[in-house]
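As structure tokens, here come the structures.
The two complexes that follow have chain A in common; it is paired with chain B in the first and with chain C in the second.
Entry: the complex of A and B
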């Protein structure tokens, strides 16, 4: 298992009467023997084989190629399987309805089964996830990861059906979602990925699929510690305004809390490799007198039920404005990155609905924030949607013609953040 | 002061009376241990949660309020003189030291040292210096020495020797153990103050209130040389650099001294910069003390000044000692 550390970045000094405590906690896991035992990992690739996958024909071929690459990346002894999804879900390999240990021969058989897939029928993603969940349940005590590849909208089941399946799957496995082409809904796939603690991205060019699959599988295979959760204690009378993962991507975990007792809640974070993630916590507390110190939050990191690291979020009230007005770099930075993701999503929404004024304002603000924080990746994506006159003031013009794929790439990647240059806490 | 605690001489084990300052049998000076403020036995000081709700890190597991621990604060109450040394709100330990005792006939000795945080073991340096200087001054008062100025110089030399004796291992980027020092020897209305660094002494008596010490600091040098105004120097990054201190690498100069014989009653205040950063002028401290009800004890006054610094942020360790000078004996002055 990895070694975890948690460091708090905050200005604990609050002006008298203030009730809002903000902190960024950086969690780093290191030294973990990477999935020391391959038998502890399970991987399922879910391929969309709905009718739309055959138009153009290259789409299905690229998806099959990418699935083959993914299968090749699965290490020996990892329990794996492939599911084909349309109106229903079919176990492509193995056909037996369980998972099979990866080896040269099983990988070869799986690739042959994938090569025979044909596209037909509609899309009901919930049924695919339900089958994955059932297959994973045949391999208990493993780090379970799925890749979901789809090109279409979830048209053949109700949102309620999907939500019910997601609730069943939460905590059982993690799932990275990839949209191929431009006919899928970003918000739909994002909600699936969020619920299953995975990422969402667009694969505009089917020929790029293989490389992306390879990196996803490698990352999934690099997870050494499963079932990691955040436990947040707050004092009586306090209220957790939000708990967000803010790096490497923004994920609002607030509503994911499972109460432990009246003062404590657990938030799932899934499996960890050697990596570092930042969390922004905002807690409302009852104000105290000048000079008093309150523990506004005790941030614990748990593997299963074992405490592996802890960080304290403090509040000290003072009438010294020099102290209370000091801005913490990390908190300010991620407040900006969260706003960046928000204005991009709102700007694109406004653009779609024809409200050019709002779209120009929101995307202009996004350019300003991306430029100021050095978020070059997002800046580049923004420049495919707007012409930038002045990044510093956020003066932009909407582009007349925008490639759908560019717009979707901006939407899916709007939650990717850059980190602030770290200094000692 | 918990006089019940002092039962036997530490040298010859002879029984002592509560007010003894020296052992009647062997003459050994009686050391007064600083009284420690213990956390309220009833548990959380804020929400009254039972004691078992207070975590090892000092926070109440119900309301989150941090409880103060004995290591955060030391208090000495000798009635006419009292002192408080507090960790403050920012530093994780108290690197100030306070030595306070009464001796001889009406003699009072106060030493305040402030360990320099960029040095190794600053807390040990401050404690060693304060006790060494305090010991020399107490002996001088006990011997009824007539040269308190010379004795003060000797006391500060002894403190320097004590700091040199602090064991330490070099750390990259950190200096050898070092600290500041301000001392006061008070007897029969004569107050002799000695200092090295920027810990201060103030005489507080209404209109006559004034700062007795002149900081050994970069800021003070600029002001004295007429190069900068106090405001200009104060906002300079070098404002908190001191030009003299106790320690292996200290400049070899004699400490500064000042003697006063106040005509009217008043209060002598010795403090570290943890207090005077928030109340730099004598008038600031006078205003704070004048606001207290008449008859406020030295201890209560020291509490009040410390609380003021804590309330303003308590960015440094805070040490405050107050000596009530009530009846100057004019015939000796």
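Entry: the complex of A and C
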């Protein structure tokens, strides 16, 4: 198991009467014997074979190729399977509806089964996830990961059906979602990925698919510690305004809290490899008098039920403005990154609905934020949607014609953040 | 092992109180360069934060504190945070009695709850140091929502129950969110206690109902909560 450390970044000094406490906690896991045991990991590739995958024909071919690459990335002894999804879910390999240990021969058989797939019928993603959940349940005590590859909107089941399946699957496996082509709904796939603690991205160029699958599987197989949750205690009379993962991507965890007791809640974070994630916590407390200190939050990291690390979020009230007006760089940085994701999504929404004025303003602000924080990845994606006149002031012009794929790439990757630069200004 | 914090809580953690977050050790604050020494504050502050015995009277109104109550029964002083009820949160807790002219909605719902001060129940539970109110008009609430919360309004905690019992006179033994009425398929209601501090009893049964377990209600059922409050559920004739 990995070693975890948690560090708090905050300005604990608050002006008199202030009630809002902000802090960024960086959690780093290291030294894990990487997925020590391949037998402790399970991988399922879910590939969309609904009718729309055959138009154009290249789409299904590309998806099959990518699935084959994904299968090749699965290490020996990892339990794996492939599911084909349409109106219902079908176990493609093994057809018996279990998982098998990966080996040269099982990988070959799986690829042959995938090559025979034909596209037909509608799309009911909930049924695919339900089957994956059932297959994973045959391999208890494993780190379970799925890849969902789809091109379509979830048209043949109700949102309630999907929500119920997601609730069943939460905590039992993680799922990265990839959209093929440009006909899918970013927000819909994002909600599935978020519920299952995975990522969402677009694969516009079929030729890029293989590389992406490779990195996803390698990352999933690199997880050493499963079932990590963060536990946040806050004092009597306080309430948690939000708990957000802010790096490497923005994920609002606030609504995923499971209450432990009246003052404590648990937030799931899934499986960890050697990595580092940042969390922004905002807690509202009852103010106290000058010079008084309060513990506004106790941030604990749990593996299963075992405490592995902890960080304290403090509040000290002072009438010294020099202390209380100091801006913490980490908190300011991630507040900016969260706004960046927000203005991109709002800007693209406005652009879609023809409100060019709002779109120009929001995307201009995005350019300004991305440039100031050194988020080059997002900056590059933004420049495919707007022409930048002056990044510092956020002066931009909307491009007349924008490739759908570029716009969706910007939307899906808008939640990707950069870390605060550690050198002193 | 456990430690007692300056606000009188027993804490299992030894660095900060696990109830109110108060600092438990005497070590100076890290990097508190220009923060004022806390000993000066204590002498100036209206509400001393030095360890105080549990039975100490309220520093605001001198009413005796009951057990380890969080709030003063006399004036609502918060023993946990040392906050006076005279300087409440930006949005003060209103103590207004519901206006009878506006509480019944234009279309009458078939179910209603009548809130009254119930001397029989008061004498049965006999909570020490809480007096039966000399004057308490009954209040009527129409049951017209799928879920109706019963409790005392708390803007600071974002609790605004449909049946708000914070009006004067206030029954101090009622939790902010004390009980919930949940509408059933046949439009009658079930009673759920989400885990209130002092519990909820039904009719003449002295045992509190089990938390988080819906109890179906019928016409005439009496819900007892706090020290003297009774809600009578009625099915009104249309």
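To be clear about the criterion, the second predicted complex is superposed on the first by the 422 of 425 C-alpha atoms of A that agree within 3 Å, B and C clash if a C-alpha of one lies under 4 Å from a C-alpha of the other, contacts with A are read in each partner's own complex, and residues count from 1 in each chain.
Here is the rule we go by: a contact is a pair of C-beta atoms (placed from the backbone, for glycine too) under 8 Å apart; a residue touches a chain by one contact, two chains touch by 3 or more.
Model, not experiment: these values are computed from the prediction.
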Clash-or-fit label for the pair chain B, chain C on chain A: clash
First, second, both or neither for A:236, with chain B first and chain C second: both
First, second, both or neither for A:381, with chain B first and chain C second: neither
Partner chain in contact with A:291 - chain B first, chain C second, else both or neither: both
Touching partner for A:210 - first (chain B), second (chain C), both, neither: neither
Chain B versus chain C as contact partner of A:410, first or second or both or neither: neither
97-105, 259-267 or 313-321: stretch of chain B that collides with chain C: 313-321
Contacts on chain A seen with chain B and repeated with chain C across the two complexes: 13, 233-238, 263, 285, 288-296, 298, 312, 316, 318-320, 322-323
Interfacial residue positions of chain B with respect to chain A in the complex: 46-47, 57, 59-66, 89, 307, 310-315
Contacting residues of chain A [partner chain B, same complex]: 13, 233-238, 263, 285, 288-296, 298, 312, 316, 318-320, 322-323
Interfacial residue positions of chain C with respect to chain A in the complex: 13, 15-23, 29, 32-38, 40-41, 45, 47, 49, 70, 78, 80-83, 156-158
Chain A - residues contacting chain C, complex: 13, 233-239, 263, 285-286, 288-296, 298, 312, 315-316, 318-320, 322-323
